[in-house]
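Next come two complexes built around subunit A: one with subunit B, the other with subunit C.
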Partner chain A sequence: MAANLRVVRALGMRSIRQTFRRPQLMAPIVVFPTLLLAVQTGGAGSAVDLPGFPPVQGFLQFMLAGAMMQSLMLAGNSGGIAFAVDIEMGFTDRLFAAPIPRFTIVLGRLAGTAALGLFSALWFLAIGLLFGAEIHSGVAGALIAVVLVTATAMAVGGIGAAIALRSGSASVVQGLFPLVLVVLFLSSAFFPLDLMIQPAKAIAEYNPFSFIAEGVRNPIIADIDATDLLYALLSIAGIVVLGLVLSARALRHRLKVG
Partner chain B sequence: MGRAAALPEWRANLATIAALMARSRNELLRVPGAAIPGVLAPTIFFLGLNGVFGALTQLNGFEVGAYESFVVPVSMLQGAGFTGAAAGVNLARDIEGGWVDRLLVSPAPRWVLLAGTVLSASTRALIPATFVFAIALPLGAGWPGIDGLFVTYLMVAAMAAVAACWGSALALRFKSQSAAPLMQAGMMALVFTTTAYAPLALLQPWLRTVAEVNPVTEVIEAARQGFVGAVTWPGTWPGIVALFGLLLVLGAWALREMRRTAR
Partner chain C sequence: MRAIVVEGLERAFGEVKAVQGVDLEVGEGEIYGFLGPNGAGKTTTMRMLTTLLLPTGGRATVAGHDVVGEPRAVRASIGVALQEAALDPLMTGRELIRLQATLQGLPTAEGRRRADDLLERVDLVAAADRRVGSYSGGMKRRLDLAAALVHEPRVLFLDEPTTGLDPVSRKTIWEEVRELNDEGTTVFLTTQYLEEADQLADNVGIIDGGRIVAEGTPESLKAEIGNPHIQLQIAEGSISEAEEVCGRIGKLLPPTDARTVLVEVANGAADIPRTVRALDEAGIGVESLELVRPTLDDVFVAKTGYHLEKENEAEQDAVEA
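Showing the complex of A and B:
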């Protein structure tokens, strides 16, 4: 157990260092969501005057959760790309040959993705506070948002890792980038569900990322709501289970094909 | 070789540009999948923005009936931005692979080499633009009329040229595909810090100030005319002037970087 934890920690530290050293992995996680946050807040900020828009201090406060969601999804994607690069370069093969449990290889990578999620949550909270957005539920609310974002990044990273293991190709994982946008636009990450247009609204109602977005947003714009939090946690658990199943199957496939 | 040497200079330059454009076309024909991200991204943005922000038309001061009509030229120009920036990424790949070194030792003038990349991007940008337009029409975007469509496509082609100059300058400066996020983000910022989401009066004050000085606002307004009303010369020429200015500045920068690379 202790030895496994040491392996996870060592691989996790490697993936964290790798990510922060490569600007091409960091840039999409920080630059694009920040840019989109700025232009959406500035461009669609008048939306808070629409009838039915939830009471918020401003559109920036509402949009923080959306930016975090976008960033964590890209973090998951970037984690998958880095994992696929390791596979392409033969590093993962050397790990497979080492006397360590296979799951630690995936967990080590996910630790790096979780660190990115944590960074993204802190980054956007800082941006929000810097530009005048309040965290309605205070420190506790901010902590909930940080935990949910970090956990979701890790969960999404599990799916990215599974695709990396299955395909063994960084370009395939990179090609999933547009899907990230599709999933987010078909959720309530960027706009209140009730004000979305069909058919996006109908899909967003059942999209687990809508529940996570609401869970992250709730403590930022209102008092902590246990129901929103529970739905968010259940959604994350669902994505974790999906990621685990896919990763286990992909790992078996990778060991078979080499 | 002898035949090429016998060509007048202007014809040799045209032949070189045509050859570089043919190379770009061949890339597209041989790896059609490479064009998919450039087509998908603006299409997803178009569908996503409609689904998410479509209710903005209920705001006072939003004079357009359908948000699809308002946002379709933005997505077409965004596609142009992506395509132009992708030309920069491809150039960076060619620098990494040594292909550009071989071009630079050829007797072709530097501006001819740049023109090949830029014109290829302009032509390629018509693909995502047409795809987005074809999706937008059945979803409720208004028919812009032949004149409106012509102006929109003119803006799309020129915007792709601007983006290709930007991407090429960065590729030549950094000589690495790692600069790709900067190429894409720069174009995204240029297109979205305009009246992309809402009319000028409804933008937040800071964005209104930026949009007023961002030349691409004039480009978007010119491209949008036919979709939301009538096409007029006063609505068109500021867009042409803005694109001409951007091309001049970014083209000069890209050329300077190319000369620096050759040294």
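Showing the complex of A and C:
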């Protein structure tokens, strides 16, 4: 067990180094969401006055959860791309030929993606605080947001890893980039549910990323709500299970076809 | 004691049978050269032996462990350096070997010590903290080899370790392989270079079309082809007279051109003096004389019907075009 944890940690560290050393993997996680946050906050700040908009201190406070959601989704996608690059260049063969349980290879990648999620959560909380956004529920609320973002990054990374293992192609995983944005825009990450129109609203109401976005946003803009938190955790658990099942199947397939 | 035992190993990809009933045995402490052109089934066989690919038929044991039933025990006993030097260009050489040590379950301090020793062994100390992407082809292969050795494996698999390397880098890898073998490591080496198999291997298996077509020591395989022959370039005198003289010494072989006589001799170099004397006595001038021994390429031609190196050159030309 301890040996497996060492392997997961070592592979996670490699994954983090790989992301920081490859600017094209880092840019979507930090640069794009930060720019979008700046543009949206600067350009659509008066949206908070619309009827139906939840009571917030300011638009930046509302948008922090959206920026974190975008960042973590792209961290998961970047993790999948990096994993597919490993497959393409044969690096995963080095890992598959080692006497380790093969699920540790996926877990190592997910540990790295979770660390990027943690970095993303801290980055956007710091930006929010720096530009005057309050964390309504204080330290406990910030901690909840950080945990949810970190866990969701890992969960999304599981889906990315499954697609990478199944396709073995970085361009296939990279091709999911627009889909990630569609999934986000069809959630309440960037817009309050009450202000969305049909059919987007109907989709967003059942989109698990809406529940996660609300779980992250709730302690930032209001008091901690146990129901929102529970729905967010259940949604994350669902995505984790889906990612692990798909990854396990894809791993078996890869070992079968070589 | 056998390090590798393969019985009827098969691998099909849909309708394509890449490996068709391969049988081979590799003794402990032996260097086994697995020789064949691209697409012959060498890499597929190696991937099955290293547990990277499941066989669709037959069985194989490596270091006494079944590759399907006990894959982790196999993986703990082997070191693998893959054809395309599967290295992360963003890692440094030192990071890669330390990671490999962790993957092999070495404690941190032990892994660091082994990494330092191995970097010194393959002469990469100065480049150890540079990213692998900046390494030359030869440096990458040496690093890959070092990573494969981090846990001192019983059996080392090298998939075309010198393909694409310059002659100096190739010789460096050969020396390292010999040294490892002298230390007791069994080496299973795939190659498409005849010279590499001839220089390094104790035993050679020739694979073509997914089947082993010949197996044995390089010398025994060459001996199967026949005796060495003397190749004479005639300067003066009648070629038919030269053939008559040489025919008394050994068996005449079909000539390659109008001024050449080829004669197979039973005693090798010992037959040269009497050949020279006989030609001299007959007044036949000789421009050049050479004793030609059978090569592995002759073996390859005899077993497959085509030249391996010409095949490789044609493929290389196609790639470059």
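By our rule, the second predicted complex is superposed on the first by the 258 of 258 C-alpha atoms of A that agree within 3 Å, B and C clash if a C-alpha of one lies under 4 Å from a C-alpha of the other, contacts with A are read in each partner's own complex, and residues count from 1 in each chain.
As a working rule, a contact is a pair of C-beta atoms (placed from the backbone, for glycine too) under 8 Å apart; a residue touches a chain by one contact, two chains touch by 3 or more.
Treat the numbers as computed from the prediction; the structure is a model and nothing was measured.
Superposition of the two structures on subunit A shows subunit C fitting alongside subunit B with no clash. When the two complexes are overlaid on their common chain A, residue A:81 makes contact with neither subunit B nor subunit C. Once chain A of one complex is fitted onto chain A of the other, the partner contacts of A:32 are limited to subunit B, with no touch recorded for subunit C. In the superposed model, A:255 lies in contact with subunit C only, and not with subunit B. Of the two partner chains placed by superposition, only subunit C is touched by A:89; subunit B is not. Angle at the C-alpha centre of subunit A formed with the centres of subunit B and subunit C, after superposition on chain A: 90°, rounded to the nearest 10. Residue contacts after overlaying the shared chain place A:14 against subunit C, while subunit B stays out of touching range. In the superposed model, more residues of subunit A are touched by B than by the other of subunit B and subunit C. Of the two partner chains placed around the shared chain by superposition, neither subunit B nor subunit C is touched by A:106. Between subunit B and subunit C the least C-alpha distance in the superposed model amounts to 14 Å. The residues of subunit A shared by its contacts with subunit B and with subunit C are 22. Per the touch definition, subunit B reaches subunit A in the complex via residues 36-37, 40-41, 44-45, 47-56, 58-59, 67, 177-178, 180-182, 184-185, 188-189, 192-193, 196-198, 202-204, 206-207, 210.
Against subunit B, in their complex, subunit A makes its touches with residues 22-24, 27-28, 31-32, 35-36, 38-47, 49-51, 59, 175, 177-178, 181-182, 184-186, 190-191, 195-197, 199-201.
Residues of subunit C that touch subunit A in their complex: 13, 44, 47, 50-54, 72-73, 75-76, 78, 80, 82, 84, 86-88, 90-91, 95, 99-100, 102-105, 108, 131, 147. Subunit A makes touch with subunit C in their complex at residues 3, 6-7, 10-11, 14, 17-18, 21-22, 86, 89-91, 93-100, 255-258.
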